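Below are structures written as structure tokens.
You will see subunit A twice below: alongside subunit B first, and alongside subunit C after that.
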Partner chain A sequence: MSDSTASSPIASSQAAPDLQQSLRRDWMSVLARAEAAELERLWQALDEPAGHRLLRRPETGLVQLRGRIGGDGAPFNVGEAPVTRCSLVVEGERVGHAYVLGRDLRHAELAALLDALLQDPARRPRLLEAVIEPLRTTQAARRRARRRAAETTRVDFFTLVRGEASK
Partner chain B sequence: MYVAVKGGERAIRNAHRRLAERRRGDPAVPELSLEQIREQLGLAVDRAMCEGALYDPRLAALALKQARGDSVEAAFLLRVFRNTLPRFGYSEPLDTGAMAVERRVSGAFKDLPGGQLLGATADYTHRLLDFALEEPQQPAPPGEEPEAEAGSGSEATGLLPRALAQLGEEALIEAPPADEGAPVPDITRDPPLFPAERAQRLQTLARGDEGFLVGLAYSSQRGYGNTHPFVGELRQGRVAVELVPEELGFAVEIGEIEVSELETVNQFTGDAEHAPCFTRGYGLAFGRSERKALAMALLDRSLRAEELGEELGAPAQDQEFVLEHADNILATGFMEHLKLPHHVDFQAERELLRALRRAWEERRSAPEAAE
Partner chain C sequence: MSVQTARPGDPSGLLRPGFAEPTLDAQRCFRILLDAMAHPGRIAELPVAIEPPPGLMAASAALCLTLLDAETPFWLDPAAAGAEAAAWLRFHCGCPLAADSRQAAFALVAGTAPDLTRFAEGDDLAPEASATLIWQVERLEESGPLVLTGPGIERKRALGLAPLAEGFLEAWAANGALFPCGLDLVLVCGGRLAALPRTTRIARRETDGED
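Up next is the complex of A and B:
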């Protein structure tokens, strides 16, 4: 993001170098898309000891959303959206971050917490299975349902040829 | 000149009470919930988000409830709320090519790769009042939905290529301006000077009043200006929002939003160097605001008249006219302040008028003396 807050200790704390960026991008995306209530339910069911220290309390701000002229050309600003972010550290070493569309502070905090815990290779398989995959399943089902509903409105227009040619 | 007025505190307090009563209406009628507004007055919510320039359906529903359904007032409330929040930054540009499409039509192409999906549209209704809606409806039982027409259901509606890409391949249409990595102007940070860049024009149109935009777009269709467009493609659906947090340095998805995107195909440009080709106009609006997106695309195109060397003179081609008057919050603010006390200004004008009349009477009663 081009606007940035003053540099903070958060920016300097690097994620574990062995962490695959694409893997992290994937779970962050699933966590951000989650319904806050479902995320909370899965978190409660985990019964994970939640000893963490907030580096940045959950806070809501604005992100200016950009589009592209013609869909794929030069960018322009469309309008803003509230985004809530949170940064925290678990067990003094793993730093979790979250940026979530909307104003739900708890959603951002849980997403940051899970981002931190998922960086722990020992915990990761269980967390993927107990949180990320169920969320992903819900999201995929929602998407499929929308796609199916749209598919019922597929239309084949045809053009009527006028009669002059056949005389 | 404004002169402050004092007093009226009690009357104003009570006026706020009357406003709250009027908002609530008959207490015997159940109160609206934000969920009801969001779910059942979705297009009003979308319009408030567009004109408030803030994508937050729940807040827009709240604004509509507070504003008693007045879309301009609701947008105003959203803009004020927006001013209370810090700016975190800018998103990555939305990839509308990767949209999960729920509606997609083209007025220009009968057959286009990926096909056409009507989605939830009123385009083919007869606009007859449906009196069945006078009473609460039972939700349709699942499984009674007519399935997709035979033979078409298997086509994926996930990723759809852009309809205008096929014209682009033959170079029959201009390419959109390329992303040169230049700084993107933001009218909320730097008020635009004229002539405004296309990015500034689009940002202004995106938050502009739908009624104003529709009226101007219509004027350009009727001959005040020169837009003879086809709808190349309208697509609606959900797009992912990504941004690059400073802490991470790589793009992450933060959620998804619903948008309507519309591209027009317009008549030609070309010169000695460049073969004639179609031109295009672009519209992008929050939610399912497709009328807004269409008006925006028509005006985007008409505001390019000078760039494309077209004859000028119509209101819809005049940047200052369109952009300076499109924002209904600015417009209504300046207009509606007329209702507030202007007693001292008016008294001054009245004194002036009396003096003018005295002078006039004097001249009239002594014409000879004056000559």
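Up next is the complex of A and C:
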């Protein structure tokens, strides 16, 4: 109880930017996880004028992945993964950024472009409906399918009564 | 109403692009700077089209993109450039902006005579740890009242630069006396540059002939 009363004034005073930020984080995440081909198809179907200016051309680099693969120890550098990033500006004021796993330059560019366009309140509802929601549905289905496939390999261990007792 | 980073008027919302060809342009500029350092006082033109942020000249912006990265703290003269240039540098170079000029590996200065004592001059064990200054001047030419001598110059070379305050030649001589420590200087004017490494000696011509 005391926790909720203490945090509520802070939450209400920053409600607008927080909401915006979590909203943007959400669509950026959906765009980054999308299949490049599906994103391209949805983008072509949109028929948006694609006038943008690249601030940072799509470029691929490596990021170090850290994890606790031992399950008990300190963070461990597991390996590296290629990440492609892109930044661009649309209509001179909206800056879109994208960081996408993999080496697909076009994917990063499209994700950055959609990030920039989604910041426009006038375009947002239409884009959320036409691009983000279909992508989210596909991703959820993909995740469900993977989980189902993994579930079939589950082994339930139980203890057998050993034979010696019967003698 | 819009997301924070896109607020009109926000310096980060009005970023300009960097090099058109990041790798090739940086290599080209680096080669030219290397040649300029090897031939002190010789003026070179940086062959890249770049739209610098307010306060930076084209050649300074190109040098920043060439030289700076996450491991080179940069000090930006508040008199030269403001928040938009700082945002541009952070975005394109990813360099930390040093609050203390002695921490900086590179610095951008403007005005009549940069205070050479406020930057790191290195020490005898690591003279390469000294700062390199990019000094933006309004006029830079290969003729004028200054006479350069030293390594990389066969006899002597003339240099004209403005604005130039009286105390600069003494400060530069003091900098040269620190050898092997000391600052290196890159003079920048628009898209052109000339280098003054720490070994170059500058004198004023005895007979005030031309200029």
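Assorted remarks:
Everything that follows uses one rule, which is that the second predicted complex is superposed on the first by the 137 of 167 C-alpha atoms of A that agree within 3 Å, B and C clash if a C-alpha of one lies under 4 Å from a C-alpha of the other, contacts with A are read in each partner's own complex, and residues count from 1 in each chain.
Basically, a contact is a pair of C-beta atoms (placed from the backbone, for glycine too) under 8 Å apart; a residue touches a chain by one contact, two chains touch by 3 or more.
Because the structure is a prediction, the values reported are computed rather than measured.
When the two structures are aligned on the shared chain, A:T152 is found in touch with subunit B, with no touch to subunit C. When both complexes are overlaid on chain A, the residue A:L101 reaches subunit B alone and has no touch with subunit C.
By the touch criterion defined above, A:E93 lies against subunit C but remains apart from subunit B after alignment on the C-alpha atoms of chain A. Legend: residue contacts after superposition of the two complexes on their common chain; A:P82 is shown touching subunit B, with no touch to subunit C.
By the document's definition of touching, of the two partners only subunit B reaches A:G67; subunit C does not.
In the superposed model, A:L54 makes contact with subunit C only, not with subunit B. When the two structures are aligned on the shared chain, A:D120 is found in touch with subunit C, with no touch to subunit B.
Subunit A residues 21, 59, 87, 95 lie at the interface with subunit B in one structure and with subunit C in the other. Within the complex, the subunit C residues that touch subunit A are 1-6, 8, 12-18, 22, 91-92.
By the touch criterion given at the top, residues 17, 20-21, 23-24, 53-57, 59, 87, 89, 92-95, 116, 119-121 of subunit A touch subunit C in their complex. Residue ranges on subunit B touching subunit A, taken from their complex, read 49-50, 53-56, 59, 82, 85-94, 96-97, 100-103, 110, 115-121, 145-149, 152-153, 155, 157-158, 162, 164, 175-180, 182, 184-188, 198-200, 202-203, 206-207, 237-238, 240-241, 243-248, 250-257, 259, 261, 263, 280, 282, 284, 286.
By the touch criterion stated above, subunit A contacts subunit B in their complex at residues 1-5, 10-11, 13, 15, 21, 25, 28-29, 32-33, 59-83, 85, 87, 95, 97, 99-103, 143, 146-147, 149-159.
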